[in-house]
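Pasting a structure below so you can have a look.
Naming follows writing order (A, B, C, D, E and F), and every chain is counted from residue 1.
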Amino acid sequence: MTDMTNMTDTAATETTIRQKRYDRGLEVLKRINGESVIELADSLREISPELGYQTVAWAYGDSYSRPALSPRDRQLITLGMLTSQGGEETELRAHIPLALAVGLTPDEIVETFLHAAVYCGFPRAINATQTARKVFAERGVSVSAAAATPVPVDVPVRSARSTPSQ
Amino acid sequence: MTDMTNMTDTAATETTIRQKRYDRGLEVLKRINGESVIELADSLREISPELGYQTVAWAYGDSYSRPALSPRDRQLITLGMLTSQGGEETELRAHIPLALAVGLTPDEIVETFLHAAVYCGFPRAINATQTARKVFAERGVSVSAAAATPVPVDVPVRSARSTPSQ
Amino acid sequence: MTDMTNMTDTAATETTIRQKRYDRGLEVLKRINGESVIELADSLREISPELGYQTVAWAYGDSYSRPALSPRDRQLITLGMLTSQGGEETELRAHIPLALAVGLTPDEIVETFLHAAVYCGFPRAINATQTARKVFAERGVSVSAAAATPVPVDVPVRSARSTPSQ
Amino acid sequence: MTDMTNMTDTAATETTIRQKRYDRGLEVLKRINGESVIELADSLREISPELGYQTVAWAYGDSYSRPALSPRDRQLITLGMLTSQGGEETELRAHIPLALAVGLTPDEIVETFLHAAVYCGFPRAINATQTARKVFAERGVSVSAAAATPVPVDVPVRSARSTPSQ
Amino acid sequence: MTDMTNMTDTAATETTIRQKRYDRGLEVLKRINGESVIELADSLREISPELGYQTVAWAYGDSYSRPALSPRDRQLITLGMLTSQGGEETELRAHIPLALAVGLTPDEIVETFLHAAVYCGFPRAINATQTARKVFAERGVSVSAAAATPVPVDVPVRSARSTPSQ
Amino acid sequence: MTDMTNMTDTAATETTIRQKRYDRGLEVLKRINGESVIELADSLREISPELGYQTVAWAYGDSYSRPALSPRDRQLITLGMLTSQGGEETELRAHIPLALAVGLTPDEIVETFLHAAVYCGFPRAINATQTARKVFAERGVSVSAAAATPVPVDVPVRSARSTPSQ
């Protein structure tokens, strides 16, 4: 933490608030087993300390902690975006574990990428799915057999709208 | 519907299944007040009938109807992707109403775009938010006052992780 | 054309070659009824003369004129890219007429966007298709009824690989 | 294949049609030596069986098999899109061999990426070209000396519009 | 400004710091005649107050105000990015005036888009240039005749590296 | 160089001008220690000689050499674009050294990616920053301690607008 000995009152106050935002971001990340994101931010410490600070304090401390969306909701949005944006395997490798940690099941994560194929095409959906495969293998996680079953055309839509995991 | 009078049994069967997939897509869309998506697909009827068919039968009949993710989950993913991809105001104008219809609140929709700013930057998050503003105005919908309140640094993270709308 | 009265021999020679590359680009564009592209380049004359020059001289004079790919081949590539890149309706409005001029049929152009949906997703494929609809309507062009027919599963693949327009 | 013993007639019929679409996709891929695409789809079998199914049944069985565009035309579109979208080296490594298999020459493939540079810029065109270099080396394929020759300014455009490979 | 009457000391302090960051962002924007950006942020006030706050407080108060890059440097980076990202005409319309305000000349702005064509291709470079044309016309600004002159091949590179506007 | 023995005068002249444009590009690159770009272009020699030629002759000979923007200005634009476009680590690895060579400091390069985070989001800004870390480590270059210091809210904006490196 910054040495505040010689600062003015305002500067010391601002430093305190700045630190508190960072601490809140860390707290959010620790509660959701977001160590991979903490590591990612820490790895920036030598090269771009401000970017590392903002990743924790702004993206998690100020934004992710807001109650309007739950962490589970946020991970759904993020997985869709990282898939669509392409070339973000590093971030997917951090956010797939986060997704599991906040309550998305392996089936739901893989279904997210299948859903994404409609909006960003197959190449990126396939790439994200392959990244999930590796992450799941590393963590001893797997999808269920149910994931392999399509919905027959005669099954009423009402069944299709059930939400088994909530 | 296609005239099946002179078809072989297999061709007639396939046409039936094809029609059933389309019907299921329509049914999903009608249940979630997705008339704007039905309209979008219909507007393709003269120019690209197969693309219009696939939008309803594949994207909704085959994919959206799968139980692994709820419609509310799917709209979170989609809103994130349409924001990130840019230049998809037409689709956002169809999917923001769909999001409201499946149970996302105006606050949650706007929070989705704020969350997105971390992953795709401010220009696209702002553009999506402006589209939401127009759609909400057209439909007499508005965000709550709570949306204007940041989370003070001393509020414990546990409160910040509550999920008021589930 | 630039006044070459006071130039050195080398400068005059270079100006001549520069002009010839531009002339070749114009010639390519005129042969394929690419007036809309000529107009687009001309509209840059006041604001960015070099960009307008490069559009004609480099993109068409140096690149498009090369024999390794025909104009028809080039328009297939370009239509796919403009669809995928999104937000390039201005360029699609110039390249769809070019595609018709070099021998792609309306059916083939619309099929290009349907094919594209696999690789870049439905939003961008739909947006490109809507642009084609407007351009065709303005030019009194339309797709054939055959475009509305899917390929039945029992039709052998060999028929599916015929290439009617070559 | 799914065990259909206990299914209703409709369910068994739908399963049959579903299988037939998949079989048609496989047939298209085998005829064009698309084993790399079959492998890519197969590699999804454990993690996302539905995405693997859709890659073969929808993208190839339903879409690629349609007669309005030949496989050669389709590969031109696809190569342009994969170049533009960036970060899709995996897919380029599958589609460059496909392009060779359907009749595009090495010169035409490399020319496709040169053409693409106009529309998506040099970084992505260069990246795609480097991927082609590796794929060609692995397969003992090379471009011709003609590819090294620019078109002199005095060569009439008519020669420049010849289509030697058709 | 928020009513701080009933807040704890910490909450009041945090609100003060929050307000100061916003004020600093406003001050940066006012000094560089960034009224269009202030307007853009203000237009979010009803729909997404936090996004509007972050645009001013984070993007300008925390980031833009940092001394490591001047505003002129920052506008060069931003113009390149907005061009490349496509579909961000709204933001370009705000940032082109900002660029003029911080000391970039009309020639330099147009040259930025010409330079960009190498990295993101002609469609997006042309679109950005057209936006500049409109903004310049609205503000009675124009490029110089020098912009129309290419650099002859015999002019030594040293002259080409002069930096007339610094 | 091409054997011009049997060419017409015009063909020989054009070849000379073509060579001069290439030579100028090489000269620009050598002056700014752009050997990595020369290498990249050379690596295309066997696979796509025209793309390699255009990289040097058009992108550097015709465009980069123009006086309206300095090389330092150009590198700022390019770094922003390569960050935003994603998946262009190869090009970033060539352009970060170029940026150092033309006078951007390590602090300015890292600040460029921090600035970029506002416009393209954190994933791509982080990826570019990580690439800079590797390049700097390979070259024994590092950022200063000043980069770690945020600007306190009470420091006047005027100080924040100083431009220490010019």
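Going forward, a contact is a pair of C-beta atoms (placed from the backbone, for glycine too) under 8 Å apart; a residue touches a chain by one contact, two chains touch by 3 or more.
This is a predicted model, so every value here is computed, not measured.
The set of chains in contact with chain A as well as chain B comprises C, D, E, F.
Residue-numbered contact pairs of A-F overlap by over half with those of A-D, the repeat interface among A-D, A-B or D-E. Summary of the copy comparison: rotating chain D onto chain E for the best CA superposition needs 180 degrees, to the nearest 5. Shared numbers divided by all numbers used gives the overlap of an interface; between chain A and chain E this overlap exceeds half, so the copies present the same residues. Inter-chain spacing, taken between the CA centroids of chain B and chain C, is 33 Å.
Mean C-alpha position of chain B lies 41 Å from that of chain F. For the pair chain B and chain D, the distance between mean C-alpha positions equals 30 Å.
Counting partner chains per residue, chain C has residues 14, 17, 20, 50, 54, 58-59, 62, 66, 82, 85-87, 110, 114, 117-123, 147, 150, 153-154 touching two or more of them. Taken chain by chain, the contacts link every pair, so each chain touches all the others. Contact residues on chain E toward chain B in their complex (touch as defined above): 8, 10-11, 14, 18, 40, 43-44, 46-51, 53-55, 59, 82, 85-88, 90-91.
Note for the complex: chain A touches chain E at residues 13-14, 16-17, 20, 50, 54, 58, 62, 66.
By the touch criterion stated above, chain F contacts chain A in their complex at residues 86-87, 110, 113-114, 117, 121-127, 129-130, 132-133, 136, 142-143, 147-148, 150, 152-154.
In the complex of the two chains, the chain D residues touching chain C come out as 17, 20-21, 24, 27-28, 31, 58-59, 61-74, 76-85, 107-108, 110-112, 114-120, 146-147, 150-151, 153-154, 157, 159-164, 166. Those residues of chain C that touch chain A in the complex are listed here as 117-123.
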